[in-house]
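Structures incoming, each one as structure tokens.
What follows is a pair of complexes built around subunit A, which joins subunit B in one and subunit C in the other.
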Partner chain A sequence: MPKIYLDYAAATPIDPKVLKTMMPYLKKEFGNASSIHAFGQRALSAIEDARNIVANFLRCQPEEVYFTGSATEADNLAIQGIVKAAKSRIAKPHIITSAIEHHAVLEPCQYLKKQGCEVTVLPVSKDGLVSLADLKKAVQENTVLVSVIYANNEIGAIQPLAEIGKFLKQSKTKIYFHTDAVQAVNYLDCNVDSLGVDLLTISAHKIYGPKGVGALYVRKGTAIEPMVYGGGHERGLRPGTENVAGIVGLGAAIKEVASPKNKIHNIRIRQLRDKLIKKIPKIISDIAINGSLEKRLPNNINFTFPGAEGEALLVALDQKGFAVSTGSACSSHSLEASHVLTALGLPEETAHSSLRITLGKYTNEKEIDIFVLALAKVVERLREISGYKTKTNGK
Partner chain B sequence: MANNPYYSKEILEHFMHPKNLGAIKNADGIGDTQNMRCGDIMKVYITVEDKKGKTIIKDAKFETFGCGHAVAISDMICELIKGKTFEQALRVGFEDIKKAIGPVPPVKIHCATLAQAGVRAAIEDYQKKQK
Partner chain C sequence: MPKIYLDYAAATPIDPKVLKTMMPYLKKEFGNASSIHAFGQRALSAIEDARNIVANFLRCQPEEVYFTGSATEADNLAIQGIVKAAKSRIAKPHIITSAIEHHAVLEPCQYLKKQGCEVTVLPVSKDGLVSLADLKKAVQENTVLVSVIYANNEIGAIQPLAEIGKFLKQSKTKIYFHTDAVQAVNYLDCNVDSLGVDLLTISAHKIYGPKGVGALYVRKGTAIEPMVYGGGHERGLRPGTENVAGIVGLGAAIKEVASPKNKIHNIRIRQLRDKLIKKIPKIISDIAINGSLEKRLPNNINFTFPGAEGEALLVALDQKGFAVSTGSACSSHSLEASHVLTALGLPEETAHSSLRITLGKYTNEKEIDIFVLALAKVVERLREISGYKTKTNGK
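Then we have the complex of A and B:
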């Protein structure tokens, strides 16, 4: 049985080079980065090297990079931290976000709403894009934060961050601009000045680094409060003994992303993804693609296969050795259809029939070829099980 | 087959190789049900016969749009109601399904509820046609 992994948006394997860079910090270099002795200082210097790499990649100052335990934590720190600081000057802070955010952004916003904040959730077009016009209409006097995902995790839709950033800069009152760039880092320019963002979230395990480490860029001078207290780590914004090996891994992963070789990987990934876009509609009837084809991450594609339920697709493919993901619902956690797909205007039944395929730098053409054939068989079988064929044959 | 604790071996077997799949052309009763929340749709087809003066379910088949559990449980309930009177078939519940197919994760219990509703609808359809 093949073992073909096409779920790179969920997690990526650790790049051997990244692992090699991390290993000393899991073994003999175990020092606490806060210790004054040589063990501690070597750990500290490794962290600062990683910080420099990240800062160089984001085109910011090293002291504007704060390491966290995950991207979810970084998103929460950005959103809750900005609102917490704003509450000292504004009684009822207003947050603007979008309908296709990751739960790591949507849920803290919902939480803050319960705590008395105002929250506006921007709609998206059927292509999955936020419009600047909608954002302009949403801005109020008490708006303190806009958080819009850089590239969506389910449909890969790339949002017009630079446009939004430019607009927000003209605002009379300061409106901070945060983006979750987790899915974008490997593929898109993350220069914080050209994007016009004040806060930006990244994650290591989406870019061939380890799990359990993320980072938040915070522009100098941003009014932000910590979520946890206890020690001066990360300049007091994110206390807690640093995950040295993880941070070193994040730095090493960013170094690989920034290397010229990655550009070549990304071109190849796009070509393979485009092959899926070309081949799948040819051998599977009656399908749709969700999200914009132009403003889209090169490694992402999201199909709807009416008559074939998403989780059933995933499980049947898993039985044949393929790992993909569903934007759909009947997952272990929730029965509801994907909030991203329904935000595009997809009816629930259609949203329940969707599959996300995400490629990575270890994907090869042979894998794509056998995947397409297996997918066609599985869709046909599930349509037989759901009686879908009889409907179309009856026309 | 890959080992997946979320999907037991039995569930996977009935999902990948259902025995009672498909429509029955001249079905005596057809039940059409949907779970509005998760979007699953199930269609149950039954044929009946008289045995010793009682009406029993002779054959049962299904078509299901749903996850692996929904398909597997649809298959199993068809198996369980064959040869049963309506009264007996309507009593087939989650415990019977679980006994036959093994453990079902809590989040998937609604799949059994859907299957039971499908059987009920098929029987009611038959009974309506008799009047």
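Then we have the complex of A and C:
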């Protein structure tokens, strides 16, 4: 049985180079980075090296980078932290976000709404794109934060961050701009000034680094408060003994992302993904692609196969050795239809018949060829079971 | 130059056995534990195995164990989470804690005080022990939480948790009992029922596991709310993609702690520590030991060397290849005297002349012998520089 992994948006394997960079910090270099002695100082120095790499990648200052335990934590810190700080000057802060955010953004917004904040959730086009016009209309006097995902995790749709950033910069009152860039980091430019963002979330395990580490970029001068209190680590914004090996891993992963080799990987990934886009409709009838094809991450494709239930597809493919997903891994155990797909206007049933396929740098052409054939068989079988009649003549 | 590490309370090296258990999850087993496919299911299964090990150690149910990104996060989750839930029924919740808590407990309490909670900080005896009588007097109608450290990180003082737990159980209104057991786990019984605690914090990197992972025990039925919102991981109490390798490492570390071999290590550690207690006063005059000698972790000793400033001691020893500490690593960059030592009644200057020495399972007798001689020389030189006159005739 093949073991073909096509769920890189859920998790990536650690790049062996990254793991090699981490290993000393899992072995001899075990010092606590807050300790004054040499063991501690070497750990601290490794963390600061990683911070420099991340800062260089984001084109920001190292002291604007804060390491966290996950991207979910970074998203929450951005959103809850900005609102906490805003509450001293605004009684009822207003947040604008989009309908296709990750749960790590939507859920803290919903929590804050219950706490008395105002929240506007922007709709998206049928291609999955937020419109600047909608955003402009949503801005209020009490708006303190806009949080829009850079590239969506389910459909790969790339949002017009630079446009939004440019508009928000002209605002009379300060409106902070946060983006969850977790899925974008490996593929898109993350220059925080070009994007015009004040806060940006990254994650290591989506870019061939370890799980359990993320980072939040916070532009200097941003009014933000911590969620966690303690020993003052990360300049007081995220206390807790630093995960040295994890942070070193995040730094090493970013270094690989920024390397010329990664550009070559990404071109190849796009070609393989485009092969899927070309081949699948040829051998499977009645399919739809969800999300914009132009403004889309090169490693993502999301199909709807009417008559074939997504979870059943996933399980059948898994039994044949293929790892794909119906949507975000973080909500894979939910029975609800994907909030992203329903935001595109898909009926619930259609949303339930969808599959996310995400490629990565270890994906090869042979895997794609084998996968397409297996997928076609599985869809056909499931459609037989469900009694689905293809609308076209099919293959 | 020797490299002698005597700062095990700040961080421990990862046990090679633990690292070996973690390695597959840093290599081939890279699945996201929320993914439904086999990659994800194997990751999930590894997490649940670790949860079972921790639960078995704490004598609780697996579903009462929640993994976090650090012990600081677990402490904050316990304290902030209990207060958040309490606020729906009590306008001004009251927390009782002690003067010798870790910053990860004291700081969230101070934050909540600013937010309108009442906080009582219990004093300690000159031996560093909280008294049940003081606690009894402190309880109010609106008391919702007591948080007392199991064994202090600077002086190793073991607090009377079982007594406190027993008393709190008799309370008319529910008062939750939390303990930061980070330093205790390797040495003391952590049966949550014997201790009578409702919440208990552990950390991996203090018990020969990796940094970046902790856990919070939460007794079933406890009214607690999350700090972070997102994809519903850890039954909604701590969302964020699970740090699979880290969690596996925490499980493996607990397995070693619970092994019969660890008891033998701990006996040897106590003997070596007792050698320090016996030898140091013989060759260095005018010293004092901080904290109870009876109710003390077997790996901890904390001396005051009047006339020798702690930071200078630490740096001089570091230059000779010895890693020790003046107090908590988490506040090592602070210029303030240790809040733990001043809580014992030590004047600031005396507190500043103190040194924490913490041993571990890789400490050997030769290291102790070399260290004692080096320490004596360094203290002597610093006392010469400061013009300190010994009160006794010295050696």
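By our rule, the second predicted complex is superposed on the first by the 383 of 395 C-alpha atoms of A that agree within 3 Å, B and C clash if a C-alpha of one lies under 4 Å from a C-alpha of the other, contacts with A are read in each partner's own complex, and residues count from 1 in each chain.
Just so it is clear, a contact is a pair of C-beta atoms (placed from the backbone, for glycine too) under 8 Å apart; a residue touches a chain by one contact, two chains touch by 3 or more.
Quick caveat, the model's predicted, so the values are computed rather than measured.
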Could you look at A:198 and tell me whether it touches subunit B, subunit C, both or neither (first, second, both, neither)?
-> neither
Is A:337 in contact with subunit B, with subunit C, with both, or with neither (first, second, both, neither)?
-> first
Touching partner for A:180 - first (subunit B), second (subunit C), both, neither | neither
Who does A:30 touch here: subunit B (first), subunit C (second), both, or neither?
-> second
Have a look at where A:154 lands relative to subunit B and subunit C in the superposition and call it first, second, both or neither.
-> neither
May I ask you to decide whether A:104 touches subunit B, subunit C, both, or neither, giving the answer as first, second, both or neither?
-> second
Compare subunit B and subunit C by how many residues of subunit A each one touches, and report the one with more.
-> C
Between subunit B (first) and subunit C (second), which, if any, makes contact with A:64: first, second, both or neither?
-> neither
Quick one: classify A:315 as touching subunit B (first), subunit C (second), both or neither.
-> both
Show which residues of subunit A both subunit B and subunit C reach, each in its own complex.
-> 311, 315, 318, 321, 329-330, 332-333
Interface with subunit A, subunit B side, in the complex: residues 1-2, 4, 6-7, 12, 15-16, 18, 21-23, 37-41, 43, 63-68, 70-71, 105, 107, 110
Interface residues, subunit C side, partner subunit A - complex | 5, 7, 10-14, 19, 22, 26-28, 30-32, 34-40, 68-73, 75-76, 102-104, 107-108, 110-111, 203, 205, 210-213, 227-233, 239-246, 311, 314-315, 317-318, 321-326, 328-334
Considering the complex alone, what residue numbers of subunit A touch subunit B?
-> 1, 307, 309-312, 315-316, 318-319, 321, 329-330, 332-333, 335-337, 348-349, 351-352, 384-388, 390
